[in-house]
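You will see two complexes here that share chain A, one where it goes with chain B and one where it goes with chain C.
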Partner chain A sequence: MINIQEFTKGLEAEFEDVEPGTLNPDTNFRSIKGWSSMHALIIIAYIDANYNALLNGADLKSAQSIQDLYKITIEKLK
Partner chain B sequence: MAYLSTSNTNIIAISSCVPGHIEKTADYNHISVEERELFSKTTGIIERRVADKDVACSDLCYVAAKHLLDKYNCKEEIDLVIFVSQSPDYILPATSILLQNRLGLKKDCIAFDISLGCSGYVYGLSVITNLMQSGQLKKGLLLVGDKSSTSTTYTDKSTYPLFGDAGTATLIEHSQTKNEMHFNLQSDGSGKNSIIIEHGSCRTPFDKTLEDLVEIEPGISRAKKHLILNGMDVFNFALREAATNINTLYEKSNKTKENTDYFVLHQANKLINESVRKKLKIDIEKVPYSIDVFGNTSSASIPLTMCYKMEEALRTKKLSLLLSGFGVGYSWGSVILETENVYTNLLEYDRA
Partner chain C sequence: MKEFTTKMSAYIKAISYYLPEKIFSNEDFFKTFPDSITQKENYLRIGVQERHIVEENITASDIGVIAGLNLFKEHNIKPEEIDFLLFCSLEFDYHFPSSCSIIQAKLNLPKSCGATDYNLGCSGYIYGLGIAKGLIESLGMKNVLLITASTLSKKIHPKDKSSRFIFGDASAATLISSSEKNNGLGSFVFGTDGKKAEKIIIKDGAARNPISKDSYIEIEDESGNITSNAHLQMEGTGVFYFGLKTIPIMIEDVIKKEKIKLEEIDLFIFHQANLFLISTVCTKLNIPKEKVYNYMEKVGNTVASSIPITLYEAMKEGKAKPGQKILLAGFGVGLSWGATIIEL
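For the complex of A and B:
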């Protein structure tokens, strides 16, 4: 079972400009400094590579927080 | 599954031509410096070649093809020319026919166009080798490329810094040796809206507002005539389908990844290609890149990468290759083939 803390920590590690420990499950990921569509691609790649779940544009659009991304990932794995 | 194989053809030579004008991602001041850096890091694109307004894709392919025809002195022997592009000279006639005349090829020459983008080189190879395998056609030219800068605009950060212009020519001959090529070709038109130029043809014809720039979202302003790219859905498609297509091809053809010398992937963007490479569990040394200096060059990206990164290996060795293209349509496909002593070269377009 995926752990949301690990999920968040792993995602944070993908964003090189983000200080470790700044992201938490409630963080609106679009509030990351300098957010751009490149970050969205990095999120999709991270979840695919680590959890074998493939998110699309609509999934990203519907999510606000890291917790939302986590829930979508869990749903995809069912 | 559309698995097929062809035989009795050889790739003799590949030539590529790119514009001389270089645009660097670091100079793209439509977005912030930080966003440029992240863009380069994620896509791998440091710079691209962009053609002048009055230069067409066919001009780049012409230069590439002319070089091969002169080198091999085989103008009179070309029985077939296929132009694969989504930036033809005109809606009609087909650009391949114009190139038949411009290159001075005989009239006893089959010429037609194929409208495909990122998958175009693999599809083009499947068509030309099918037509040539019987031996009735001895030599053929596969001309592949795009001038994507025609359909993008500086004010659209989702497309403008991504695409580069390039044209290529591949000279193919009928061969007495078996030399099989194995293809796995696929299509899914439900992805049409992910990469589309919606206006300007039969479905949504020209109108007076075709040129009007409209802001879609911050950083993205474009007109109806321009390319629309949904990067996230294209990314999802590539991760879902590319590696699966390749693995299926290996199963069907009884070939192995271990015996493949190079995997030449369409240069979509670095994050996509690295994800595909990791799914395939192949070493980075076996996956050449050209996206850093040419950007995403659509259908030209596979032959251009071969010319740019594999000149010596192709010229001096017998190689087993996997080529894979995936994108607009969606359309995607892969081919496993063998080459031996293939000549390649890379030219800069010189209008003189």
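For the complex of A and C:
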């Protein structure tokens, strides 16, 4: 069973340029310092490799916070 | 009297490649795009340190010819041995004739040599091997020369950071020959999804949209890259999604077709699109790192030439050896994909 804390922590670990403890479920992920298209790829890859759910461009566009990403992931796993 | 004929099989006999002299290094890149330095770590995950770039007046057929000449010289092959020439590119010299005619003349291939172009990108090498297998095993040809070439740097908008970071120009020449041994080129799978044609596209300049002043109006994509309708447009997120979705399925399909298990594959060579994508696919499929050979650092994404260049370097380094089962997989513009299992 996945939970939001682990999900957030795991994602944070994927971003090499983000200090540990910076991200929380409410964080708007596009506000990450130096946000780029590579960050979007990292999110897609992280969720696919760890949770076996594949988010597309539209999914990503519809999400603002890490909580939103988590909800989409849970929805895909149903 | 009954005649006994041995069934001939196709195999990769030799590969050579060519890189243009001019280099665009990461140092040059971060000088050109100083704002990108804050994302340096992320850029480096793609796996490129430098790429080679052609001069403006050099065409894909020009560098294709050089790869062909390199092949003849390096492997002591005579032009008159070639029965068929396949030229795979996204860029051709003229509307017609085909670039293969220009190449046939410059390489002194015999007049008895069949030749054709085909327009494919990153899946193109797999398609070429498949066509060559058909020519050899069905039509009895002995030597098929497959030339792949990309000069995409000329079609990338100067302000398009992502594409300028990823792509490099190059050409490769592969000789596919007939042999009595089996499994040189094993099973193949192919696929196409034209509904996603616009994910990687140059919209203007061909029959559908002739080039006009408007073609050069700058467009900013969702990731902040500047491009235009006269230049390459690539939706990075969409293409990445396509890769993650398509590659595992095609690997599964080609393995099933070959009637083997994933663990029986000794070496995986993927189209060198982005090493981050490749490592994500491998994590997902539990493919151990030591079974994957990459060669992107010094060349970038060289489109249809990336698989033959990587295979060449894997052979040179002793990582790809005769007797091994090697899985090759290509995917890209079209959207189009293909995979095969080979033995050297």
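One rule holds in what follows: the second predicted complex is superposed on the first by the 78 of 78 C-alpha atoms of A that agree within 3 Å, B and C clash if a C-alpha of one lies under 4 Å from a C-alpha of the other, contacts with A are read in each partner's own complex, and residues count from 1 in each chain.
Just so we're on the same page, a contact is a pair of C-beta atoms (placed from the backbone, for glycine too) under 8 Å apart; a residue touches a chain by one contact, two chains touch by 3 or more.
Note that this is a predicted model, so its numbers are computed, not measured.
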Overlay on chain A: chain C relative to chain B, clash or fit: clash
Contacts of A:68 with chain B and chain C, given as first, second, both or neither: neither
Touching partner for A:40 - first (chain B), second (chain C), both, neither: both
Contact residues of chain A, present in both the chain B and the chain C interface: 17, 34, 36-42, 44-45, 48-49, 54-57, 60
Complex interface listing, chain A residues touching chain B: 17, 34, 36-42, 44-45, 48-49, 54-57, 60
Contacting residues of chain C [partner chain A, same complex]: 36, 38-39, 41-43, 45-46, 162, 222-225, 235-238, 240-241, 244-245, 274, 276-277, 280, 283-284
In the complex, chain B residues that touch chain A: 31-32, 34-35, 38-39, 41-43, 158, 230-233, 235-236, 239-240, 269, 271, 275, 278
Chain C-facing residues of chain A, complex: 16-17, 33-34, 36-42, 44-45, 48-49, 52, 54-57, 60-61
